[in-house]
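Read the structure below first, then the notes.
Order as written gives the chain letters A, B, C and D; numbering starts at 1 within each chain.
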Amino acid sequence: MIDKRVASLAQALEGIADGSTVMIGGFGAVGQPDALVDALAELGIKGLTIVANNAGWSAETGIPRLMDLGLVRKIICSFPKGSTVFRELYLAGKIELELVPQGTLAERIRCGGAGVPAFYTPTSVGTPLADGKEHRDFDGRTYVMERALRADVALIEAWKADRWGNLSYRGSGRNFNPIMAMAATLTIAQANEVSTDPIDPEAVVTPGIFINRVVQVESRVEALLAAQRQA
Amino acid sequence: MNQSVNKTTASQPEAGKVDRDAVARRLARDVEEGWYVNLGVGMPTKVADMIDGDKEVVFHSENGILGMGPGPAPDAIDPWLVNAGKKAVTLLPGSSLFHHGDSFAMIRGGHIDLCVLGAFEVAQNGDLANWTTSSDELLPAVGGAMDLAVGAKRVWVLMQHTAREGEPKLVEKCKYPLTAPGAVDRVYTELGVFEIIDGRFSIIELANGVSFEQVQALTGAPLHGN
Amino acid sequence: MIDKRVASLAQALEGIADGSTVMIGGFGAVGQPDALVDALAELGIKGLTIVANNAGWSAETGIPRLMDLGLVRKIICSFPKGSTVFRELYLAGKIELELVPQGTLAERIRCGGAGVPAFYTPTSVGTPLADGKEHRDFDGRTYVMERALRADVALIEAWKADRWGNLSYRGSGRNFNPIMAMAATLTIAQANEVSTDPIDPEAVVTPGIFINRVVQVESRVEALLAAQRQA
Amino acid sequence: MNQSVNKTTASQPEAGKVDRDAVARRLARDVEEGWYVNLGVGMPTKVADMIDGDKEVVFHSENGILGMGPGPAPDAIDPWLVNAGKKAVTLLPGSSLFHHGDSFAMIRGGHIDLCVLGAFEVAQNGDLANWTTSSDELLPAVGGAMDLAVGAKRVWVLMQHTAREGEPKLVEKCKYPLTAPGAVDRVYTELGVFEIIDGRFSIIELANGVSFEQVQALTGAPLHGN
């Protein structure tokens, strides 16, 4: 029987190696796999490259916690503002930043999961973020070539999961989660509800083929509300 | 949504006294029914509240929402539903939810009718600078600004006419790093509405009580009649 | 008030010009906008380029009907077998064929809707379908460059539609419909159920932003079953 | 699903007498629980019925289904649910539905564990020819074969060992246009199971009563022990 459920966060994170590239879903606090990230921080796995939209906001949890513990070598993201921890490490030259426009980040990840090694986009042409990139004209417009992004591990958050690893989301909680789920060798999902009953096939947003492990985690509503108040 | 007053643009040109609501309201008047509209963080978000109640407009949020409504009452917040500024929002009838890949396919693919953005500078050829004020800024962040600027069918900038110290923000050539070249179609400020036509700023209208000379003096590029 | 519903097939098809490129959804009979295609045939619009997975199966309806009336100049598809009409026209040199692997066809369409002008894929490398295409190596593997596909018009089928143009599908009826909806200047949907009540935001598969017109059409269940018997 | 008999591969090498079910059953034995499997049209579709009932395998159909079940009873057909061969199918618990863009993202992106295809020819270097028998065939059609051949983690060919007239289908070099170079991992025929290792056919096993010499005589490339 296929059963992707695991009983604990420790089991969910088993086998992640030093130096891994880790995608972390979420847009700000919503859709962020907070429990998985915090558990990863406890494991002390070093030299991580993080792919995420943001660099987090609170030193106590999430990506800043990983950084504060010295576990992160580099972050690939679109909007690293709002995290004091990252700011200090970055200004001290202790962490590398690859700044990517949000849509380019999303498409690079989607291509990573879809077997497309590179694509062209008009985004960033004529800006410093296109420096050193290959430019090419199609039908009279200029584009830059961007490479696909893949990861060793993707940590994502869903609202519901079933034993096959099928996922559905809540509200704006999809954001980067469905595309990151496709782009990693090992994809681990935390979900508020995990069931042996299947999700309605028409309502599945992320098919289980993209998911390796699912762990049930009570969602931290208070943390989400706190993040909104801070926005 | 139902703003009873329908004033025209505010008339106070001095920095610090700008009636931001009035500028947002003036822009909102030009938004057409049925448009799909993305509002940048900051001053542009005000536009949502200024749309006439009987004009149905669909607001897009790049984190995966079409049909976004106003902020909820404090006791009706859905913690999983935020806009691009990470603030709580609601869903209107006819809304839909999707992931970032699809959201930026909408943006990049030219499906958004209008994007309203703030700016540090707009050049007369439409160049937009709104993401960083220096090429070696200590901590740069870009978000979705570049994608929106190149992808939306129309890019309208909503901003104060001048910067804090009075420096012009409508310029011949941007001095800050670009967000996108030739992207801006129109600029709405407290002094008027300016369209970019053939590489120059054309005045669509001036705010009440504002003269051409006054605006020209506060603008870093030649203004032209329409 | 936004209301994308139109009252008739004629209204739905208004404004399509001779020489248009028309995408037609469906995989075989399922998800094919049969009523729209048949109504298009009646209009006699000429010189069409059709983008579809198949070239149809029955001379009485669908794509073969368009071809039989001499309205189609070219078809871009992956699997043109099964249509006697197409076969005869093609062998007589009266219709042009651009044969595209199914996944490449899907991705070209998706890129057309997503503002990506070109991408690289491993599909077709080393085969006659890669002849004349630009080849390029990434990380030691060879890919071909493929260009995005766009259309003047997309005709698609959905199961449910609301007045905002939001769509949901039934069974395997999604197939090419959601991606074609994104890739055309004018997208027209036929749906079995059309309502002023909104579709649940979590259940929308094609957001209304991609849809220009919606027309209610009773689905031809018997035609679908007949196509299955023929398969 | 619950096939009671568990015979090994049939032993009759003559064309026309091949027990296709037995070959499909032999292949099905090697499919592992939890795999996501795409079955090509024709002989490969038989594999679905040969999987042990207590081994959960998820079948993918490129037209947007994961978790495809067997054909329905005639009175339980859903007209909107067909497989890649356009025949009616059912959904098993845990299934999901998606569009062609996502379906071929799965295929091209290496998410399908196994694809079982038929073939006209397989070369000892893994080259696969299964879409057209001539470079100037009157009416070519390709479907999803090329995407599946390059994208799946494993490509297993299920076919009769020789063509109708007895010509070898396992060859040194394909004479037909390729579907994909170096794509095939294994070949299952009524004469045995052959793995492609270092550019040559290695015998994994021979069918009961079949000798190396018999198989070699019907094969267009040298066979090797494993």
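Here is the rule we go by: a contact is a pair of C-beta atoms (placed from the backbone, for glycine too) under 8 Å apart; a residue touches a chain by one contact, two chains touch by 3 or more.
Bear in mind the structure is a predicted one, so any value in this text is a computation, not a measurement.
Graph distance from subunit B to subunit D, where chains that touch are one step apart, equals 2. Think of each touching pair as a link: the shortest run of links from subunit B to subunit C has 1 of them.
With centres set at the average Cα position, the gap from subunit A to subunit C is 33 Å.
One simple way to say how far apart two chains are is to compare their mean CA positions; for subunit A and subunit B this gives 29 Å.
For the pair subunit A and subunit D, the distance between mean C-alpha positions equals 36 Å. Shared interface positions of subunit D, i.e. residues touching 2 or more other chains, are given as 97-98, 104-105, 107-108, 151.
Residue positions 107, 110, 114-116, 121-122, 169-170, 202 of subunit C each touch two or more of the other chains.
Pairs of chains meeting the touch criterion are A-B, A-C, A-D, B-C, C-D. By the touch criterion given at the top, residues 33-34, 36, 56, 58, 60, 66-67, 91, 93-98, 104-112, 151 of subunit B touch subunit C in their complex.
Only residues 61-65, 77-83, 85-88, 97-101, 103-105, 107-108, 127, 135, 138-147, 150-151, 177-181 of subunit B touch subunit A when the two sit together in their complex.
Taken in their complex, subunit C has these residues touching subunit B: 1-2, 110, 112-116, 162-164, 166, 182, 198-199, 201-202, 204, 207-210. Contact residues on subunit A toward subunit B in their complex (touch as defined above): 27-31, 53, 78-81, 87, 90-91, 99-104, 106-107, 109-110, 121-129, 159, 169-179, 205, 219, 221, 224-225, 227-228, 231. Residues 107, 111, 114-122, 138-139, 141, 143, 147, 168-170, 202-203 of subunit A are the ones touching subunit C in the complex.
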